[in-house]
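Next come two complexes, and both contain subunit A; in the first it sits with subunit B, in the second with subunit C.
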Partner chain A sequence: MKTSEQILEELQGIFIKEFSDSSIVLTDETTAKDIAMWDSLTHMGLMDTIERHFEISFSLDEMISFKNVGDLRTAITAKLK
Partner chain B sequence: MNPGSLNYFLLLIGTTIVFYLFNDNKLKQSVLLLASLFFLSFFGIIPVITCVLLSILNFYFAKHAFKYGYLFSKLVAINTVNVLVLLAFRFVNELNIGSLFSAPLIGEQFIVALGIGFYSLQNIAYQIDIYKKRYTPEVSLLSFTLSNTFFTRVSSGPILNIKAFTASLSTLPSKLTEENFTVGLQRILIGAIKKLVIAERFSYYINLYFDGIDPGAKTGYDVVIACFLFTIQLYFDFSGYMDIAIGSARMFGINLSENFNMPLRSQSVSEWWRRWHITLINWFTQYIYYPVAYKFRARRMMATVFAIISTFAISAIWHGFGVTYLIWGSLHIMYLIIENFLKKDLLRLNEKLTSFYYQLIFTPLTFILVSFSNLFFRSNSLADAKRLLLKLIDWRHFFPDISLKSWILNGVDWKMEFMVSMRLGFLFAILYLLFEEKLFLRLNKSKFSIPFITFLIVFLVVFGVFNSGTRFIYMNF
Partner chain C sequence: MDFPIAGYFKQMAEKMPNHPALFYNGRYFSYGELMELVSSIQQSIEDNVPVKGSVIAIADELNEFTYAGILAISLSGNVILPFKPDMAPERIQYIFDKTQPSCVLYSANQSPVINDQFPFLSNFGQLVMDHTAQVFKPSNVTMTYNLMYADMAYILFTSGSTGKPKGVPVSRKNVHDFLDYYFDKNGYYFTPEDRFLQVFDFTFDVSYFSMFVPLSIGATLYALDNKPGRMKFLEIIQMLQEHKITVVSMVPTILLFLKKYLSKISLPDLKYSFFIGDILYQDATAVWKNCLPNGEVHNFYGPTEVTIKCTRYIWDENQSELEAVNNIVPIGTVFPGIDYLIINEEGNSLEIGETGELCFYGKQVIDGYVGIEHEQMFINIEIDGVSRRCYRTGDLCSINSYGNLLFHGRKDFQCKINGYRIEIPEIEKVLYDIVKSPVAIVAKKNEVGLNYLVGFIEGQSISEEQLKSEMLRFLPEYMIPSKLVYLDKIPLNGNQKLDRKELSLLNY
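And now, the complex of A and B:
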């Protein structure tokens, strides 16, 4: 069972790799506005990587409802239970 | 009846007075519905019947399907009806008025200069949302029909989320507050100024260059000016209409969504589409782009490319059946795909150049790219667009004259009075754009300021072009 902190750490690794940007530091409050490469054009690709990494699946409504990394982390935690 | 015409304002004033005579919420909504149907009836009886019937059909269909199990086949059936009605009216519209931009006033008589398309999109979204169980069906047929017909925005949007709009109808104000009146009036006045003081002044040249014989623009320079002016005109015309729609709704305590966020400041085409006709783009994003991108997300970049192509292909068809719209859509697809591939490099460039210099380069570049696509959007036919394009690339005859004075904002055969009028419009447009952000904040101040309102009225009366008789451009869509 992964802890919330572990999930955030793994998410950070995914974001850094996905957007080729080692300066990314994630917090629960991080939004797409804080990461230049994260927009509607790259969002689905990012979600796909996250799904594969954690071996989970999101619905479309879930994917477009995340307002920040905190929402994303909560959803992953719930699915891993 | 043209939003912004004398008849429209008489209807608005009359409706506002009657609206506040009643305290009962249902009666208030009934007043708004009657006024909306009266507004629609100016375009003929068919828009009224179609709008009411489609509202009743969508309302009861969603209610019934939700109660007895909303199957996918039901969603396909009802939205096939919505799409077919939309396509049928678009087709009839194009047959009747021919060229969308050069349509004479008689074009208003034809059924769907009206925004049947806009409420069709609302109904399609509503059915999808109920099917997906994003919310429960609306319980009031009155509120539902009003969300489709509401007269301040029925012609050109903004597109409403039916559920959010009907929720706002449940708290209609009992009194006309100073805030609603002031903000509403200020938005209406600035909308009228945008349309009558600025956009109207460009009409003569834009019509001459795009609609004249062969098709009017004589040199490449004329084509550049025509495309630039058209982009500016379209913004002032369309956002002016939105200001009137939003300001009018405010008189009834209704807050409509903003449809523009200073698009001429965009530093990329994707940013342009986040700032331009926002409610339509949000609709396309939510109901076309995201579902397609989601479905094919495992294919990564190809999924994005495919989703962009699907979105703009439908957007192009939405604007019209012509090949010129398809080319316009294709250009935007190309811009967005290239931008997507170069995103990392552009971000790096932004860092190297600093935001200030990046903005100096990419804001004009975005304007040029959008204006170039508008050459196709505005041309009456593919043959006209081709002729204009050939003039644009004929570098030997690009400028009308070798002397500077004859080509600064000036064509070879412009009449003096129109030239002065256009230059004045251009000056006002630039001044407006420079102070757009500050002005927007001022317009949303709720304290009634006699000097400010007087200034807006006097400015409109002194500099407005009142007798040209043209419609709002986007009423065509």
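And now, the complex of A and C:
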């Protein structure tokens, strides 16, 4: 089973690839305003990549509730249990 | 004759002062409260800009001050010039140079940003709106008056093919005629109990529909939160559900983004789901319609130059399946009183069924742009013995056997990104000015059908990150290509022109 730290690490890899920006460093507090290319246009594509990577799926309500990377990590961890 | 487009709002404020007018950032503003704020700003405008018909720039912050400021500019008989404080400073400077506003209106919490990022604003008069609804004018500025656009309701800048944005001045009469379409019913029955959601900012003309229609009939306007980092599409769905919104105008792009989640959404309160700004796809609309057990889907079309919206198609489960071509829903019939033509390359009118460029003249059509450039967007055509000045949309259309207009694509190098109309040459010019080597921008579609831009650059003199940040100085974020690709040589076709076809086949 993946640890919470591994999930964050894998998320970071996904973000770097998705936004072609190797300088991205994710923390639980990271939000879309911290990453220039992360906006409403790129968000759904990012979510899709994350869902496929972890083989999980989010509901629309869950996606609406994500306020930062920490919320995202918590949701992924819960789904992988 | 004057056309006070905010006059209806004033009447409503007198008639129902306690009714909610605006919901923003978790709080309601009643008609009375909003009117109080409007009156205070209007007074300050009239004290400081006594010449009616002056252009007044307003920072589009999408908060209560933006709404009140726009209403105040309109009620004081002046011309609204919206700009987004996060726009590239060079773009704002260009817009201001072209229109010479008498003064700039912004809220006090924007003061540091405005003063820091836009030093050229010190050349213009400034009115700052603060939280106690007091408006003050710095004493050391002089108001200038540009009355060239005195009859206009607003001036918007859209992407321009010459490498510079095009200023579109829209008259009060045009906006009045447009609003009349809704007030003359045409199948619409809005009441003060209706809740409208506004999802666009004021640099996109559909906002003037989303704002002026509800506030003219005593309904409530809900504004999306304008905080940075928001996920707009998700927030729209959340607002629709939470506030039981009854009327919303959106770009069809939202359906492509949310396609796989739509089956789980139910919006029983939504009466009218309006789409505008891009191609509406038949299959996505059929899924969306299932979310609206009590709602209708209307597909609109309207270039900024023909005042917000000028054609309508009411989507129908069975009929639209028959009429959709290449999965594209028709744009329907032209609003009553607006005249149009479909012409060929020679400027001759075509028969029903033939595809050509859609042109408009008469009601709701602008007379011309800011400045003298872009005259090629108009063509004089003799109709019934009279020469008419027609606006060329650049959109290829035909009329089907049901009498509805079908959209077949763009004639030139425009494309839509998230509802924004983009002239590809404008981006190419900026890119070229930075790299000083051959460049090309190609619009492509991703797997769900969304447009995205790929920039091709010959040679590599500057890194991708640097290039993007440099481009952001001149262009809004939605005009920055999603991908930048460096090639040894940009391919040319047999005519030695950029081979866009070959570039579009490259796998990026």
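Annotations for the structure displayed:
We adopt the following convention: the second predicted complex is superposed on the first by the 81 of 81 C-alpha atoms of A that agree within 3 Å, B and C clash if a C-alpha of one lies under 4 Å from a C-alpha of the other, contacts with A are read in each partner's own complex, and residues count from 1 in each chain.
The rule is simple: a contact is a pair of C-beta atoms (placed from the backbone, for glycine too) under 8 Å apart; a residue touches a chain by one contact, two chains touch by 3 or more.
All values reported here derive from a predicted model rather than from experimental measurement.
Contacts of A:63 after superposition: both subunit B and subunit C are touched.
In the superposition on chain A, A:80 makes contact with neither subunit B nor subunit C. Touch criterion met: A:33 reaches subunit C, while subunit B stays clear of it. Once the two complexes are laid over each other on the shared chain, residue contacts for A:25 go to neither subunit B nor subunit C. Across the superposed pair, subunit B and subunit C both touch subunit A at residues 20, 39-41, 43-45, 48, 60, 63-64. Put simply, subunit C touches subunit A in their complex at residues 228-235, 237-238, 257-258, 260-261, 264-265, 417-418, 446, 464-465, 477-478, 483.
Subunit A contributes residues 20-21, 31-34, 38-41, 43-45, 48, 59-60, 63-64 to its touches with subunit C in the complex.
Note for the complex: subunit A touches subunit B at residues 20, 36-37, 39-45, 47-48, 60-61, 63-64.
Residues 132, 134, 270, 285-286, 289-291, 293-294, 297-298, 300-301, 303-304, 307-308, 336, 340, 343-344, 347 of subunit B touch subunit A in their complex.
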